[in-house]
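In what comes next, subunit A is part of two complexes: it sits with subunit B in the first one and with subunit C in the second one.
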Partner chain A sequence: MALPIPFGAARGRRRKGPRAGEGWWALLFLAPTLVGLALLSAGPILASFGISLTSWDLLRPPQFVGIDNFVNLANDPRFLVSLRNTAIYTLLSAPIGLVLALALALALNQPLRGIALIRTAYFLPVVTSATAVGLVWAWIYSPASGLLNQAIGVVGLPPQKWITDPFWAMPSIVAMSVWQGLGINVIVFLAGLQAIPQEYYDAASVDGAGRWPKLRNVTLPLLTPSIFFTGILSLIGSFQVFDQVYILARPGKPTEATITLVYFIYESGFKFFRMGEAAAASWILFLIVAVLTVVYFRSQNRWVHYQ
Partner chain B sequence: MTAGPVTSTPAARSAAVALAERRSGRMPARRTVMRRSRRLVLYGVLIAGGLVMMIPFFWMVITSLKTRAEVFGAPPLSLPSGAHWENYATMWNALPGVTFGDFFLNSLKLALLNTGGQLVTCSMAAYAFAAISFRFKGPIFGLLLATLIIPFQVVLVPNFILWKSLPWPPSPTGSFYGTQEPLWVGAWLGGAFGTFLLRQSFLGIPAELADAARVDGANPWQIFRRIYLPLARPALATLAIFTFMWTWNDLLNPLIYLQHLDQYTTTVGLAFFQGQYVGKWPEMMAGALVSLAPMIILFVLAQQYFVRGIALSGLKG
Partner chain C sequence: MFASSRTAPPVPRALATLVAIVALVAAACGNASTTNPPASTAATAAPTTAASAPESSGGESPASSTAAYTGPPVTIRYSIWGDPQEITNQKAIADAFHVANPSITVDVDVSDWDAYWDKLQTGLAGGAAPDVFAMDGPLFPDYQARDVLLNLKTYIDRDGYDLTHLADQGVKDFTTSDGGQYGLPRDLNTIALFYNKAKFDEAGIPYPDDSWDWTKLVDTAKQLTKSDGGKTSQWGFYTETTDMENYWSELVWQNGGDIMAPDNKTTVLDTDQAAGGIQFLQDLIWKDKVMPDPAVSAETGDAFEQGQAAMAANGSWNVATFDAAGFDYGVAPLPSGPAGRFTSVNPTGAVVFKGSKAPDAAWEFVKYLASPAAQQQLMTLKASIPVNKEVLAGPFSSSWDGAKVFADSLSYAKLKPSFKGYDEFTTTLQNELDTNVFNAANKTAKDALASVVPQLNALLAQQ
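Take a look at the complex of A and B:
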């Protein structure tokens, strides 16, 4: 991004003093970032839209096809199924993750001895790679001798195929994701809980409020900004699910039951080299996330209380 | 929100609380018993939950030490008949021409290159946004923030095409496709998350410090190096740890760019291994554990920075 005039040069000339000419310094400090913006982030976002209007296999030059890719995707059963699965994944994982984390954060926010060690157990999965822990979850779900089938066998339930079972496939992936992501929400909620001033609880005590009224009328309303924040992150994050699907769904490669939107993008772009189709699918992902984010932000006036 | 009267001084507050407790009419002795039993139940639930959270890790360790016969024959919760460390050796040398150690070194190299690049270039950009006034500052910062909101999958295709079309004679493909460069060069070209994080930290540094140094003849680079960077150490540590974690755990990008076994990172290596050795659970668990070890050690050593970073951004990867 070569700009004809260094920023601040004009202003710097007018404003005499020790800070004159700092525009050149700004250019120096920002040079890597500006190159990155032009070549690897802002530039490519625009390029991606252009590519989505072409048919391009990287062997022959791209051909302009207008909105054909979008039309074809709208009629592609595998793409539609990937959309459906991503929606199911989001609708299951986001609320379950939020509610579990909220309950946990309330319990972990106590001055108990050894609480730091207990918290570590809940946080640890967050830093692990979905690939490595995905392998152990694949083993837990294994129809042959897997831990889960053995465990439900103890209480007399019949073994299931889990990942390769059309009904259980998505819930199985969701369970692993909730397990892994729980710590993130708990940490955000704990930070939110610790920011609530003690005065509010004291005031509630003076009014004779017990545990439940305090939770309902003090803690939860004051925690809504944290709930809002984790909600948006869960929403955006779950639309981008890939690693878990790639590892867990490998026994039979992602089937109708497990393929997600980002897996579809990966498959179409980097296995079949349909660049136009992959770019179009990624723009659909972007638009869905953008619309949901706007709707979600609009809703905050109704339920989020800022202090 | 109505929270009732807010009592201000601590003394008045505790007096009011005591009064309220007396008004509620419960005996102090009964209260203590109730509190104690409630605390015990809470402990029990939290510890049980924590153990459930750790089950996958326990099972990984136990399986990695079992023989394959034990894995499929013996009841799952039985302990291994002995520590079968040979699973680790088998896993280490399972693939032709490379060892798991190569994957490990590739991951380490990429994680360190990414961490270094982000620390250098994000801190520079953050300094410009926090401490220098220049034209187009607002729009450029806005553009950078906008890239944080857009899902990164949108740039996968154009970035892939860019790297594939840049000529690079040393590579067998003639381009950067099939090399490790696309997995780290970008980290030396700034980043929205790191710049934003460090800018926040820099904004908390009093301008008087920089002004004093300027009077003494320091130029912006010296002010940045000698004043801003040392004072932002916690934020730099947070960025370093997060970048390391993201690179170490990344699967999608290495999957797209790497073509040869000897370039693989631990994540792609494990995924490849899984495809080749279906059902060899002890060896796979050994590999997974080895690849997890650095992150677990880093987490235990630097938990406060992880927690700080997540509480601040909620971002994991």
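Take a look at the complex of A and C:
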């Protein structure tokens, strides 16, 4: 197999920086997004900080209360429980989701007939509404005649109550979320896998490397940018979990075993007329995610390899 | 850098930048879809033709208007919660109102219970709330106290509208201590004992009547519970556990307890009487095993409606649904407890948004909803218990077999608690009861109440 001459790479290397005036063009193309971000995100974000310092029921004018909301939250057992549940959810769903997606991507990165169809199938849950997914999974978890209880019954295990069992409730929600979010990570990993030059594998083969050493020493290191990317998205997404909890919780509302931070925010603001407290909780969520994101970014020099 | 034999562009540091941007945006904006409540119940049901003509002969009573609407043609928006059956009912009534008042058109929009309150709050905050909307008795104080409802007192005085034509229990929930009247009741809901006649006939057991007490209920429910190799094929009893209304608040009252202190500033659930009432319900599920586990019911639905339970303590709003289920059933008063016979009454009202652009038309419609014409229509549709005394005492009681039981039950009905902070109170309370008392018997009712009452009182103190 002849190596092609790396024209593209050579041309690319000769270029030092953007040409004069290119910056303005870049800004112009970015403008729609930037304006949208400024108006629709930055504004509300700043406003929410102001709201977090008030007592506001949404219907009457807010009153300034300083950091009272933050102090109250620190002493609110329901908030602390939601924080704990969110942490458990993130610790379970993010790593499991990543490992499963990676394994699937490796399995799907094969030149088989009909592979496109299989890849599409794994992506379908991502584009399905959380409500539809939740309703189907509620049926899977049904304690009376659910699919899962029937399945474990086949191997002689007793039926479980899944969603209403305080022990199983969170793992059940995690399982559904992981299944639903798998496709997006698989796609990123597949793209990453296909960007790894064949030459590395060829060179490894020449050195006598088998499948496992190739995976360990070629694939994984070169996939670290993709792992880094899906990792940060999973982390942020996990902290914001809401739909799954909202839809799956039954009978009635999420209980102490399943209320998450975003559910707490929704409930405080839109059920209990405590918009100030909801805004304060949102800022605590933001700060947690921001700190974790910074720490995560700092770590990348140690383990992420860009080609 | 190598070029690949496949189509691999070099992956530069730009990817890292992209990651950073995406991460930032994701962290900042969140997922927009996460704040959306589930889609509301589709409002596709067509109005029933049979009921769309108002009973114009009995129409205008002393209780309804003397001065009809004389303003310009206007369209008002009327929001309600409900299932498809209720949508049909309320649309039929709105159509009949339009026939009687051609210059006022009413757009009815419907949401399921949860989405209804979310939409209402954001609508009120944004000044775009419906002109007239349905109000649940217990939640009324939370809205009235926040100054978003129109005080109808001036209209009542102007028209000489007579509130005594409406059931007191309905009016009271929308009255404030300073004499304001911020809504009129639209219908009443009480709880009674439904029974499946075929299952009683089959077992040769006489139907429930007003002589029944708790012991009789448990004994009969046991006789009517059938097990089939460890699996229950028929339940003696069914009720719901996620709301006090059907049916633990009644059990608390029947046992001599109460839920709130008279001033609504503290809860009195930490008494032996209150605990005894809730314990009775836990025992029905976990000790006597005559009703299905609520966690299972949440998935399978209403066992009585499905013909799998012989009896059910449930609300008057279920009548049309049970009719549609296609089996023969009867209605009896709730069995009495150690402290006597009690049921719960909960009015649904119609209130007017303070910022409505058409308050006069809105008032006419609110008045119409409580008028004999609309109430009689409600009765024909078997939608609920009429709040208009004329209809309640007259045609309603004889309108169908069970109606008299519901009408009579108002004489021993206690008003469902209604106070500011109600939603937060019940959420905290039900979290404890569902998790530890009803869905699993982790705690006795007494222990569960002892652990949650201090939290509840702390919540009430903040209101």
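By definition in this document, the second predicted complex is superposed on the first by the 263 of 307 C-alpha atoms of A that agree within 3 Å, B and C clash if a C-alpha of one lies under 4 Å from a C-alpha of the other, contacts with A are read in each partner's own complex, and residues count from 1 in each chain.
Convention: a residue touches a chain if its C-beta (ideal position, glycine included) is under 8 Å from a C-beta of that chain, and two chains touch if they have at least 3 such contacts.
Keep in mind the model is a prediction, meaning the values are calculated, not measured.
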Q) Regarding the shared-chain residue A:Pro166, is it in contact with subunit B (first), subunit C (second), both, or neither? A) second
(Q) Looking at A:Ala121, would you say it contacts subunit B, subunit C, both, or neither? Reply first, second, both or neither. (A) first
Q) Which partner does A:Thr255 reach: the first (subunit B), the second (subunit C), both, or neither? A) second
Q: Applying the touch criterion given at the start, work out whether A:Phe286 contacts subunit B, subunit C, both or neither, answering first, second, both or neither.
A: both
**Q.** Comparison of subunit B and subunit C by subunit A residues contacted
**A.** B
Q. So, A:Leu58: does it touch subunit B (first), subunit C (second), both, or neither?
A. both
Q.
After the superposition on A, what does A:Val188 contact: first (subunit B), second (subunit C), both or neither?
A. first
Q: Return first, second, both or neither, reflecting whether A:Phe270 touches subunit B, subunit C, both chains, or no partner chain.
A: both
Q: Using the superposition on chain A described above, determine whether A:Asp243 touches subunit B (first), subunit C (second), both, or neither.
A: both
(Q) A:Ser205 in the overlay: touching subunit B, subunit C, both, or neither? Say first, second, both or neither. (A) first
Q) Same subunit A residues contacting subunit B and subunit C, which ones? A) 3, 5, 7-9, 37, 40-42, 45, 58, 130-131, 138-139, 142, 144-145, 199, 229, 233, 236-237, 240, 242-243, 246-247, 250-251, 262, 266, 270, 286, 289, 293
Q. Where on subunit A does subunit B make contact in their complex?
A. 3, 5, 7-11, 18-19, 22-23, 25-30, 32-37, 39-45, 47-48, 51, 58, 104, 107-108, 110, 112, 118, 120-133, 135-140, 142, 144-145, 147, 150, 179, 181-184, 187-188, 190-191, 199-200, 202-208, 210, 217-218, 221-222, 229-230, 233, 236-237, 239-240, 242-243, 246-247, 250-251, 262, 265-266, 269-270, 275, 278-279, 282-283, 285-286, 289, 293, 305
**Q.** subunit B residues touching subunit A - in the complex, by the definition given at the top
**A.** 1, 3-8, 13, 16-17, 19-21, 23-24, 39, 42-43, 45-47, 49-51, 53-57, 59-60, 63, 71-72, 75-77, 120-122, 124-125, 127-128, 132-137, 140, 143-144, 146-147, 149-162, 164, 186, 188-192, 195, 214-215, 219-221, 224, 245, 248-249, 251-252, 255-256, 266-267, 270-271, 274-275, 278-279, 281, 284-285, 287-289, 291-292, 295-296, 298-300, 303, 306-307, 310-311, 314-316
(Q) Show me the residue ranges of subunit C that touch subunit A in the complex, using the header's touch definition. (A) 1-13, 15-16, 18-20, 22-23, 25-31, 33-35, 37-39, 117-118, 121-122, 124-125, 142-143, 146-148, 241-242, 293-300, 421, 423-424, 427-428, 430-431, 434-435, 439-440, 455
Q) Which part of subunit A faces subunit C closely enough to touch in the complex? A) 1, 3-9, 12-13, 37, 40-42, 45, 57-60, 77-78, 130-131, 138-139, 142-146, 161, 163-166, 194-199, 225, 228-229, 232-233, 236-237, 240-243, 246-247, 250-253, 255-257, 262, 266-267, 270-273, 286, 289-290, 293, 297, 300, 304, 306-307
